[in-house]
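So, here come the structures, one by one.
Two complexes are shown next, each including chain A; its partner changes from chain B in the first to chain C in the second.
Take a look at the complex of A and B:
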């Protein structure tokens, strides 16, 4: 089965026309973002609008990095993302391993319970979560934001980890047991090393979810001390006089690390995401 | 243990009990999901339904419900159409550099939602936006469209952005499903003299029905719970014409109106519950298939 049979549905010119349309639709806004970020102020507000800058300038990037709170926000985002990734991996490896390797009476209810976290609308938990974080004295802290983000990452990553562990032949673990090792030995000498690349990808995935998140981060932070990059970006755009050049430069800055991470880890993401990604 | 041990041990064989392993994640879910939903319920009851009554009394409550419906339908249908087209396109043997195009199509999905919304807000700007200029140049429109300030247009404009963001997910899922269709089915259809369109309609669509179901469910849940795109682009305006349930809830939250927040949250849980039911059934089948 070398040539995919559905390959015959579309042929010749039709293919390339459809590709051109799809690529324009997909990439035109990205092009607008990139080109606007290199425009001088008077160029940005030129009418009629042009896609390309008349002169290229880096002044918008200079504004973002020297005259805004974006550097602090990027740092906050990294701190939150790392906290989220580490905590997620600890919680999810434990749960995902149990789901993949054991059958016990409460397994299915517990698994469904964790996975159903995926379909609870985030706005629904907004107020109680806000009250919880306030009560724990974590308002306006990166820890508080990271805690909230676990609501998004734990259900998703549990599923990813479960699939990764289930894909490892149980015989590998049993070999260790036959040699007299404990289950702990089997996990630390076989399971963990074998799914290490997958776990790294799952950790990156948790990091990226946190990097994206806007609603909780904006509600749980009140100052630039803890505010994350997406929240800071919207503040560029809610000022009375919106500096669209700087806003687009900041957008590029937020996007580049994501695209690099995606290209590097695409292989793992695609499987993990199609395996149960349901979150708005 | 011998080589005859079943692939999945049925009894404990030392180490921590599996329930203990799942407990941290389950407790976290309880704290982050169940307690909030419980407290929402308690509040609605403790208020003796005052919040619910107020919600139903909001002058434009009907509009909000209608907006939520239109937004959800438009988002799901749009993403399905573009996603299917993309998936079929990537199967075409006339295409070169498929891997590269496929990666590029993913871009709207992987960039942060706030970035996508911000970029579109600028692209859709009435006077400075590139879209209006392009449409004017092509002669499609005679005067600039007020994408985000015309109450009749705004909901479709924001739904367009949701479609832009979610269509790559459909491409991904449908591509995977298409790759799994056995060659014989096409051969049989060809022998019966079916053309491309008939193959698509009678072979491809039925074969990827399950995937389509999961995709529709996922897209609908995403749309119903979506907040960022609309909030960043319009904040629900102008005059509430792009306000959907999550936006209504957030506005009540900002106003410190806790009983209204609880009422809207309860309504969202009820709607979400219907989808969760079907989602759980799909997941359960999946769990059974794999264990």
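Take a look at the complex of A and C:
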């Protein structure tokens, strides 16, 4: 009779221990990043290594905000991320809705073809994208980077939206049309409101993808007017030297807005990512 | 038929978004289409940028028909950006690039022949030994090098004195003997950069190998089993023997320098920038030529050069800029290590006592670094073999066999 509580206790303890290990594994690099950002230069390579600074300093943050182009880069990242999120939502909702609701020849091959974009390595499409952005005269502009980032976000978000829409019973839209509404009314009054959490998640996903993307941004931008924050991080490494304190401080600055946004919107994010996962 | 209110709102918002996005694209296209046939675009790394601004101002005052657009690159992005630009054909007019990557671009026919720049005003013999030759392919010279440097031995004279050592090691036997004496308490004799860029470690490896019989023929290393074995014994076994720090696995060049500045590491092969940094911090520092098997060892020269892409629309103006940049005083201004031209080294800041060992190393015991594309491709694998020996997971013989196979291109 007492075996079950004992087993439950052991299982519970094991689960918590496992979770603690996973959490430590996940958070340890972040802790190192945060604490290193408050260390003086001589503290960074102290032997034996210590997690906490021996003297706390804001010098690295001062370097980031006053002696680098990081403030401009953060602004550029926000501009690019917002452009990408908006454009992704406009394009992908239209495409995802069409894939979920319209029956047309080659619908399935087309859907699979779109998903192919997600499995092709970014380096493979780098050169064609560079040529397209150049031809459009968008090189070294935030718009050009946003254009390139759409190549990353559009395939997956189209599928996310498609599944969201497919999970909504068609009968709800049909009810609007029986009442005399157009298809556009059905979308406005039924599909969009039901999809809203999923669309928030999709927009946030697109923003996140753009926020931390490095490869395209590093190749497509040349001036600090267009450089995004991940690329500007490399400014703290010169030919012979890496300013690890400033690099970590810049990384914290780069991470904090995303953490805040994620915490604020996590309810939508989790719901939106799993929405339509069963039925689709 | 009138639209329902919410439908009208949705249509309005969607329309505004589309118009806004389209407007943004059009604005970028229009503002981005400023091209000038008189401008020369020069991609310059951020560490040279400030000096480049001043030099460009001088160039433009002498050449009023040319405007130079400076574009800043960073050490971590320049390779990718240059490769993509050259592949796409949409290129700047002058690029400051690592000499190590020049053969890759030459192999694709992407660089203009700059051989015409060399002559009385720019004598090839005024450059560091073998340097121009290493950039010559089928009789054409595809770059003008402007900065050049090697590693030399950096050591802490106070730690040496405390260990009863009066002179820096001149041979490998002395190096190992000194290392064993220096390793005590909190101090370890040396460390290797096993973290960070793998080429930092393989550069040192190849320095040791070249000092013991390996050669570098036009950028291609010709290794011998003896030379590879010696280099692996010095680098890999030093960790297992305890006189090279086990923290090597987590150190890059910056980390090693910081430990040296803290007095935790007694000596290491390093560049002259580290010496400048140590002097700036009043740390005890001295330099010597790298030790070799029986005398001075050989170091590989690495550096940067100016390239003009074959696809540049402004080759004449680009070459004029490169010719100006190659003048000795301009080379000196853009260099923290050593200028590639010997005549530019007369500048007093290249003549300090700590730099004498580097000058001797460069002039008498150096060869241009390996830059063959096949070798470049195997750098990570060679790095891993050295690390395997240091971890004690492979013997020197096993790793040497693997590296020989890699170098012969069998894998």
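The rule is simple: the second predicted complex is superposed on the first by the 240 of 280 C-alpha atoms of A that agree within 3 Å, B and C clash if a C-alpha of one lies under 4 Å from a C-alpha of the other, contacts with A are read in each partner's own complex, and residues count from 1 in each chain.
Just so it is clear, contacts are C-beta pairs under 8 Å (C-beta built on N, C-alpha and C of every residue); 3 or more make two chains touch, one makes a residue touch a chain.
These numbers were taken from a predicted model, which means no experiment stands behind them.
A.B. asks: When the two structures are overlaid on chain A, which partner does A:40 contact: first (chain B), second (chain C), both, or neither?
C.D. replies: neither
A.B. asks: Using the touch definition from the top, say if A:200 reaches chain B (first), chain C (second), both or neither.
C.D. replies: Once the two structures are laid over each other on A, A:200 reaches no partner at all.
A.B. asks: Quick check for you: in the superposed arrangement, does A:78 touch first (chain B), second (chain C), both or neither?
C.D. replies: Touch status of A:78: no partner.
A.B. asks: By residue count, which of the two partners contacts chain A more extensively, chain B or chain C?
C.D. replies: B
A.B. asks: Counting only touches as set out at the top, which of chain B and chain C does A:244 meet: first, second, both, neither?
C.D. replies: A:244 sits against chain B and chain C alike.
A.B. asks: Which partner does A:189 contact after superposing on A: first (chain B), second (chain C), both, neither?
C.D. replies: second
A.B. asks: Return first, second, both or neither, reflecting whether A:224 touches chain B, chain C, both chains, or no partner chain.
C.D. replies: So A:224 only meets chain C here.
A.B. asks: Where does A:112 make contact in the superposed view: on chain B (first), on chain C (second), on both, or on neither?
C.D. replies: Only chain B is touched by A:112; chain C is not.
A.B. asks: For A:32, decide between first (touching chain B), second (touching chain C), both and neither.
C.D. replies: The answer is first: A:32 touches chain B but not chain C.
A.B. asks: Answer with first, second, both or neither: which of chain B and chain C does A:168 touch in the superposed model?
C.D. replies: neither
A.B. asks: Looking at chain A, which of its residues have contacts with both chain B and chain C?
C.D. replies: The answer is residues 44-47, 90, 126-127, 130, 182, 184, 215, 219, 231, 234, 237, 244 of chain A.
A.B. asks: Show me the residue ranges of chain A that touch chain C in the complex, using the header's touch definition.
C.D. replies: For this pair, the touching residues of chain A are 41-42, 44-47, 83, 86-87, 90, 126-127, 130-131, 134, 136-144, 147, 181-182, 184-185, 187-189, 192, 215, 218-219, 222-224, 231, 234-235, 237-242, 244.
A.B. asks: What part of chain A is in contact with chain B in the complex they form?
C.D. replies: Spelled out, the residues of chain A in touch with chain B are 1, 3-12, 15-16, 18-19, 22-23, 25-30, 32-33, 36, 44-51, 90-92, 94-95, 97-99, 101-104, 106-108, 110-130, 132, 148, 150-151, 154-155, 158, 163, 166, 170, 174, 177-178, 182-184, 208, 211-212, 214-215, 219, 229-231, 233-234, 237, 244, 247-248, 251, 254-255, 258-259, 262-263, 266, 270, 273-274, 276-280.
A.B. asks: Spell out the residues on chain C that touch chain A in their complex, using ranges where they run on.
C.D. replies: Those residues of chain C that touch chain A are 1, 3-4, 6-7, 9-11, 14, 17-18, 20-21, 24-25, 27-29, 31-33, 43, 45-47, 71-77, 80-81, 84-85, 87-88, 90, 186, 247, 252-255, 258-259, 261-262, 264, 271, 273-274, 277, 336.
A.B. asks: Show me the residue ranges of chain B that touch chain A in the complex, using the header's touch definition.
C.D. replies: The contact residues of chain B facing chain A are 1, 5, 7-10, 13-15, 18-19, 21-22, 24-26, 28-29, 31-33, 35-37, 39-40, 82, 85-86, 88-89, 91-95, 101, 103-108, 110-116, 118-123, 127-130, 132-133, 136, 164, 168-169, 172-173, 176, 178-179, 181, 183, 185-187, 196, 199-200, 204, 218, 221-228, 231-232, 245-246, 249-250, 253, 258, 261-262, 265, 268-269, 272, 275-276, 279-280, 283-284, 287, 290-291.
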